[in-house]
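Step one of this worksheet: look at the structure below.
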Amino acid sequence: MSPQVAGQLELLGQVLISGILLGGLYSLIGLGMSLIMGVMKIINLAHGELMMVAMYITFWAFTLAKIDPYVSLLIVFPLMFLLGVSVQKFLLTPVMEADTVLPQNQVLLTVGLGLVLSNLALLFFTANYRSVPVSYASKTIYWDLKLGGQTISLSFSYPFLVAFCIAGVLGASLFIFLAKTDTGRMIRATAQDKRAAALMGINTKRITYITFGLGAALVGAAGALLDPVYYLYPQIGGPFTSKAFVITILGGLGDIPGAVLGGLVLGLAESLGSVYISLGYKDAFGFIIFVLVLIFMPRGLLGRGRA
Amino acid sequence: MSRKNLIGLLPIAAVLLIPLLTQNPYLLHMFILSLLWIVLGQSWNLLGGYTGQISYGHAAFFGVGAYTTGIMVKSGQSPSTAWWGLLFGGLMAALVAAFIGWVCFRLRGSYFSLSVLALSEVLRLVAVNWNRLTNGAEGILFIPAFTQKTYYYYIVFALAAVNLGVIRWVMRSKPGYYFLAIREDQDCAESLGIDTTKYKLLSLLISAFFTGAAGAFYMNYMGFIDPGIVFSIADISIMMILVTMLGGAATKWGPAVGAILFILVSEIFRVWVGSGHLLFFGVLIIAIIIYFPNGIVGTLVDRRTRKRRLRGAEAVA
Amino acid sequence: MTALLELKDVTKRFGGLQAVGHMTFSLDKGEILGLIGPNGAGKTTIFNLINGFYPPTSGTILFKGKRIDGLKPHTVCRLGLARTFQVVKPLARLSVLDNVMVSAFSRTNHREEARTTALEATTFTEMDAWRDVPAGSLPLGMRKRLEMARALATKPEILLLDENFAGLNPTEVEKTNAIVKKIHATGITILIIEHNMRVIMAISHRLICINYGEKIAEGTPQEVATNPQVVEAYLGAAHA
């Protein structure tokens, strides 16, 4: 193998690695969105803004109390769960049954919520870009591969790798929770057929609170994991809300395993696209795949979502 | 023309006289912005309020209209020919709309709502990155054709009046009935002989055309645009929804009432409070949905019809 | 007689469930054909197949000798097949008259003509007094009647009626009965699903009984009502 080919392979390998690592975080974001979509049948357009809130919690925990972002997951997860439960209980549920001319009034409400959250952050924390200067922010792990007489050296960003692993653990826990616990089964039953679930004695209202709580907690966890590797500013939520619904549609509306795949695909698309096509359009690649999926496979990549 | 229609024309006539009463540039500026937002609110209302297709990304069409005009000027035309942007900007916006509608309207549910949001983001990225065409993040700047605000006032007034007239006319004819039927129940509409895909597309095309024309006017009037301004989700897309909901979705005068209040409140924030207008509008959106779902005009109309219905029920009984 | 509508070996599956299986029958011009069968037998699904809401999994549907399976509902409607919904679908925020005008627009582009048709259809179904009421606030009986008025305003050759008598009180049943007869008298061919045996025995020329998606009997109302399989299907269902 010539050195040029090896160089190309090294680049490709590197791009794939960073795409998959990023995709793991995206999957976590998508899981929360998909869970909410599956049970409440609404798209949460404040999803990215909820993540932003979690990022600020993590930021302040680090700045004020020197709590490591990964440790602060223990604070972020329950706090975001409570925030999610309150949003569902006090905002979304009350307008669910309202007879209004405009459809989607719950989604419209999440639009308002997103605006409120990002502008509250702007008010309290200013528009400044902030970061969490952890000691391991730029720590890298190398992995040398011998291939056809050439050495291919791949690097893994430590915080991304840790984030990926924690996201994997959280995702796996979610699946076990949904499959094995009573509450998890009730969530799945409600997602499948809310009326039937209610007839079988499931308190579907309580299930919606828990679901939104979990959705918020999951995206919150993603926020905490992103803190060491991303800048933080009040408007960061918007782009992530877009990413979240792109992931959800790629996976198929309400398809929870699909969301994991959607997240990975988006991560890879952004990573491959920004290296091989153009960095400026990094955020557009997800949308382009999104439109292609809409045209050719509207039930999502796995073909199991609601069309 | 009936008596009722004549009374409906009175406010329009009054608005027509405003520039004769005041030449105050600040006041005229406020009126111009209000009229611009009336066009935006009415256009969103046609698609969202009457046809039931919620768009979270109408900035896509506003931005396309504005950029079409800006690019026309930048590519060597004099600013006065930029007025053709009102036509071409609208048509370009409709063209973009035709694409997104063709992709999404075959599908039910929130696909359209989300896709148009995605579209507006993609177009913003294109505007930032396609330097040669759009001048990138710096935006497009030119000296507006007129220094007198009165001209702009009458142009945007004409745009708003044509917009209102077209929407009124459409809503009183077959497509209007079809839009409402689609909003109420798509399955039923289909079984009553309505090609729902086609009529959703028609509603979107009209809505996008006028939104694009409004964007073209904005370019002409302000003389400056950049991707962050005209493709803004918060400042354009969401505010179009707010304006419609505040005044009352699916009502004739709701978007106008909403637009005037919106400009008034924005101005109060700009002058006296400084910042935080988006925070206030976010709270307002939530409050309207929870406490005031029919908006101002919608609530008034509801009261009136309820009274009439009570009388009607007596007649039936 | 000539067959206006023909189903040939039509099957519809939803996943593993066969809702309609190998359904073959024809509807002759000018007749009233009744469709009976226990709940969940697949009657409404047959309407949804004819009307174009679903394409059949296999088989063909012919209207005046031309295939209509796979066409969109709006096309089928314009060809001259109208239907009502068992689970009524009023355009809730529109007045009764506007509801009927919407359907009248399937035959004209002019508002005044649509209005005239709608006025006629509401008078025909004796809904004059309800014209200005929003359809969403109608009582059930009137909602069922609105379904008929709307279907009529599309000026169909075939009318598919899906349980228009269900949930009505005896006076309303009589009224609806009279309206259906009146519709038939104008020359419209009718395919009717009905649970009220007294009504359907009296009104239909022919009856088809289906169970688990398959046809189990066809003939005159008397023949079908005394068919042992039909009795079994109904008693079986009642005992289950």
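Chains here go by letter, A, B and C, matching the order in which they are written, and residues are numbered from 1 within each.
By our rule, contacts are C-beta pairs under 8 Å (C-beta built on N, C-alpha and C of every residue); 3 or more make two chains touch, one makes a residue touch a chain.
Computed from a prediction, not measured in an experiment: that's the story for all the values here.
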Distance-maximising chain from chain A - centres being C-alpha averages: C
Chain whose Cα centroid lies nearest the overall Cα centroid: B
Distance between chain centroids, defined by C-alpha means - chain A, chain B (Å): 32
Rounded Å distance, chain B centre to chain C centre (Cα mean): 42
Averaged-CA centre spacing for the pair chain C and chain A, given as whole angstrom: 48
Shared-contact residues (touching 2 or more other chains) in chain C: 93
For chain A, residues that touch 2 or more chains besides their own: 101
Complex interface listing, chain B residues touching chain C: 172-174, 177-178, 180-181, 184-185, 187-196, 309, 312-313, 315-316
Residues of chain C defined as touching chain B within the complex: 51-53, 72-75, 77-78, 82-83, 85, 89-94, 98, 101-103, 105-106, 109, 111, 114, 129-130, 132-134, 137, 150, 154
Touching residues (chain side chain B, partner chain A) in the complex: 48-49, 52, 54, 56, 103-104, 107-111, 113-115, 117-119, 121-122, 125-126, 128-129, 183, 233-234, 238, 241, 245, 249-250, 275-276, 278-279, 281-286, 289-290, 293-294, 298
Partner chain B, residues of chain A touching it in the complex: 43, 45, 91, 94-95, 98-105, 107-109, 111-116, 118-120, 122-123, 238-239, 242, 245-246, 249, 253, 278, 280-281, 283-284, 287-288, 290-291, 294-295, 298, 306-307
